[in-house]
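Next come two complexes, and both contain chain A; in the first it sits with chain B, in the second with chain C.
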Partner chain A sequence: MPKKINARVKLTISLTMISVILGLMLSMQYKNTRAAANTQSQVTTTDPKAQYTADQLSRIKEQNKALEGDIEKLRKELYEFEKQATQAGNNVPPEVRDDLTKYKIMAGVLPVKGPGISFTVTDSIKDGQTTNLLITHDSDLRMMVNEMFIGGAEAIAINDQRITTTSGIICIGPIVMINGVKVSPPFEFKAVGQAQTMMATFELRGGVFDLLGDPGGRALSFSKPKMHPSLTLPAYAGDFNGLSE
Partner chain B sequence: MIWIPVIGLALGVFLGLSLDLSLSLQYSSYLSIAILAALDTVFGGIRASLERSFDSSVFISGFFFNTLLAALLAFIGVQLGVDLYLAAVFAFGVRLFNNIAAIRRLMVNRSRTQTGK
Partner chain C sequence: MKPNNKIALFLVSLLLGSMVTVQFSTVHSRPKQQDAAAVTTGDYVQLTAEMAKERERQNFFYSEIANLEAQIAGYKGKQGDRKELVKQMAEELEKVKREAGQTQVNGDGIIITIEDDLDAVATYGTENQVFLDAALYQTVNYLNGHDAQAISINGHRIVSFSTIRSISKYNHQINTQTISSDKIVIKAVGNIEQMKVGLYANRLKDAFFQMGKGFEITDVKDGSLEIPPFERAVEFKYAQPEGDKKL
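Presenting the complex of A and B:
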């Protein structure tokens, strides 16, 4: 009998010990899987090399973001220096300085602040149609951007991506890429310029917004456009296809 | 008596979640295969104890040996470009089911003999 009890004690002790280790392993793995699911760019794969590459990709993306912040800061500094240089009374006439500012705004490298309007557009919630008609496409965004510029916009940003002279609005699968950055609906348009005329483009019968929002057609959901006395658009922080400034 | 290992398991999970232990994501696949081996060993141990052929040194050495071997096998597989990982998943998966089936059969038999008395 004592031998049997001894065996049971031994069994319990070893089983408990192993259970603790197993529990530890399970929870660690659980945390790992959760961490992998949380970060979108990180793919869980059984191949460590693919995993390593995915990790590196997300790291580089973060670095890029930080570097873009640096570019923005340096551009601002440069702008301040230029302002000082012209104010110091060099022989740069004020028209040249104004022109420079104007072209920089047009190029999108300066943050803009001024009166403007904002609205959001997102996929249609209507059903009973093919999905292709209901989602907001890159071509829709391009049409809207064109319409806004025609309607008196001086600068436009979609989801804080400033539309510049070299901005591409392209479709990559289910989402849209602007300035090489992925943006997804709802798309928030901000436009600085003549607020009144821009508002009027929404009322234009047969205009882009009328067509895209038509309840009998595409029926994209537009929010009611709002006028703002002062709106700030961020500057574009990427590079210009290798052009130096 | 049977609850003590279960409490141990809960303690292990609690420790793992509360302590800031984390493994680099790229080794996650080795850990998963090691977990499978460990589960297999634990169920094997339970089965052996029901069959009254439990040997604690065999059990503990089996746990560590199987776990490490599974991870090593997966590692070698990655180096050679062969999915040895799958072989381990398959082997341990089959054994796991066999062990659970044996445990179930033993339990059923035991309850049958008890009611028979």
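Presenting the complex of A and C:
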């Protein structure tokens, strides 16, 4: 008799456990199906023309990235030749090379390194929703650039796009373009210059960072700015809106 | 175990097995659906705009690579020839100075005149002029974003590290030099139509109007627009070329 009870208890326990698992699985399955259905309902039909353009775009972007790498390599090589030219034997005045270097940094066509700060900014998520007022706009990024230069930056890059003489930060629909290249949030700022004074711009009451990060207002999310003893910024490889042609 | 119980267990296990299978396949097939969902008709306009920019960049990259290769070949061939080396470096310096904003630029473009406007002052007053820096900076930004090649504000050239700052309603600075806000003249050489599209699309006229300022655009199509070079000495204390000692 006790044996029988034991078997029954065992069976009840195993059945209970299986039922619990089954219940869990069912609810998960239900949730998943619902989520999948939701995604599907948001999906309008794929446009083959747009798909074709998207494929082409990703191909040309890859090519351009490789070309940018080639340009950077060639510029470094050229820079080395310029250095050699001022060395013994050639007698080219060193001021010429110093001027070349200085204006290359100013134009943004040479990668630079130096002490600086970095931080990221991204859209605000207030009440769990990102609305037009709470996304990071082209004008916000531009004002941050201005503020960093006022604060002592000598060179700035956002998501590896160097700020140059003719850099524009503009929105085309919901996408942000810097130097004609699409960049997406989070936006990573890197600035080489006087790190202490740049850090101070974040503390400034009523300053750009204070206003944009205000939890009661725009509430953009900023990471804590970090100081670096040495940061490297990439060079710009574009045509300065046709100025250099 | 009774046969009945065995059947029950078997059925439950069977059901559980099939649930797991379905669950697994749902989880795995979902990313695919999302991929397919990524490109729709609505994206087409943006994709085309991006594509045009990337094509433009690519064309420039090819010509720049040819240019750089020719320069490097030039240096290789002129080792030891001082006169030729100096000549090549002088040419290179001229190009870099132009890109940095250190030379005067002439060409077609637009002149924007920003002055107190009686209607605007009557409607909005002049209190908002403390935000003039933001509006000016946006103007420069949208001009640059729409094919401006060179810009100056009241004779001060805009370069990579230019700053625009309003200290108060009366005190505005471009490149840390005070300008008079009674009459602000922005000159921009570049693609006239594109620059105007950038200004109109971003409603800059309205922004200035709300500060009591009028915003008039004049086209210059005879190539007579002059943008002066950056006026101050340049020195970099912190930024240095990668792999180099301090300047």
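The rule we apply is simple: the second predicted complex is superposed on the first by the 169 of 245 C-alpha atoms of A that agree within 3 Å, B and C clash if a C-alpha of one lies under 4 Å from a C-alpha of the other, contacts with A are read in each partner's own complex, and residues count from 1 in each chain.
We take it that a contact is a pair of C-beta atoms (placed from the backbone, for glycine too) under 8 Å apart; a residue touches a chain by one contact, two chains touch by 3 or more.
Fair warning: this is a prediction, and the values are worked out from it, not measured in the lab.
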Should A:Met25 be classified as contacting the first partner (chain B), the second (chain C), both, or neither?
-> both
Go through the superposed model and pick first if A:Ser221 touches only chain B, second if only chain C, both, or neither.
-> neither
Pick one for A:Met17: touches chain B only (first), chain C only (second), both, or neither.
-> first
Please determine whether it is chain B or chain C that touches the greater number of chain A residues.
-> C
Who does A:Thr33 touch here: chain B (first), chain C (second), both, or neither?
-> both
Pick one for A:Thr122: touches chain B only (first), chain C only (second), both, or neither.
-> neither
Does the superposition put A:Arg75 against chain B (first), chain C (second), both, or neither?
-> second
Looking at the overlay, does A:Gln51 come into contact with chain B only (first), chain C only (second), both, or neither?
-> both
Between chain B (first) and chain C (second), which does A:Asn159 come into contact with in this model arrangement: first, second, both, or neither?
-> neither
Please write out, lowest number first, the residues of chain A touched by both chain B and chain C across the two complexes.
-> 7, 11, 14-15, 18-19, 21-22, 25-26, 28-29, 32-33, 36, 42, 44-47, 49, 51
Which residues, counting only chain C, touch chain A once they are in their complex?
-> 1, 5, 8-9, 12-13, 15-16, 19-20, 22-23, 26-27, 30, 33-34, 36-51, 53-58, 60-65, 68-69, 71-72, 75-76, 79-80, 82, 85-86, 89-90, 92-93, 95-102, 105, 133-134, 137-138, 141-150, 158-165, 190-191, 198, 234-242, 244, 247
Chain B - residues contacting chain A, complex | 1, 4-17, 21-23, 25-29, 31-32, 34-35, 38-39, 41-42, 45-46, 49, 54, 56, 59-60, 63, 78, 85
Chain B partner contacts - residues on chain A that touch it in the complex | 7-8, 10-33, 35-36, 42, 44-49, 51-52, 55
Residues of chain A defined as touching chain C within the complex | 7, 11, 14-15, 18-19, 21-22, 25-26, 28-29, 32-33, 36, 39-40, 42-47, 49-51, 53-54, 56-57, 60-61, 63-64, 67-68, 70-71, 74-79, 81-82, 84-85, 89-93, 96-116, 138-139, 142-143, 146, 149-150, 153-155, 163-170, 172-175, 177, 180-182, 192-194, 232-233, 237-245
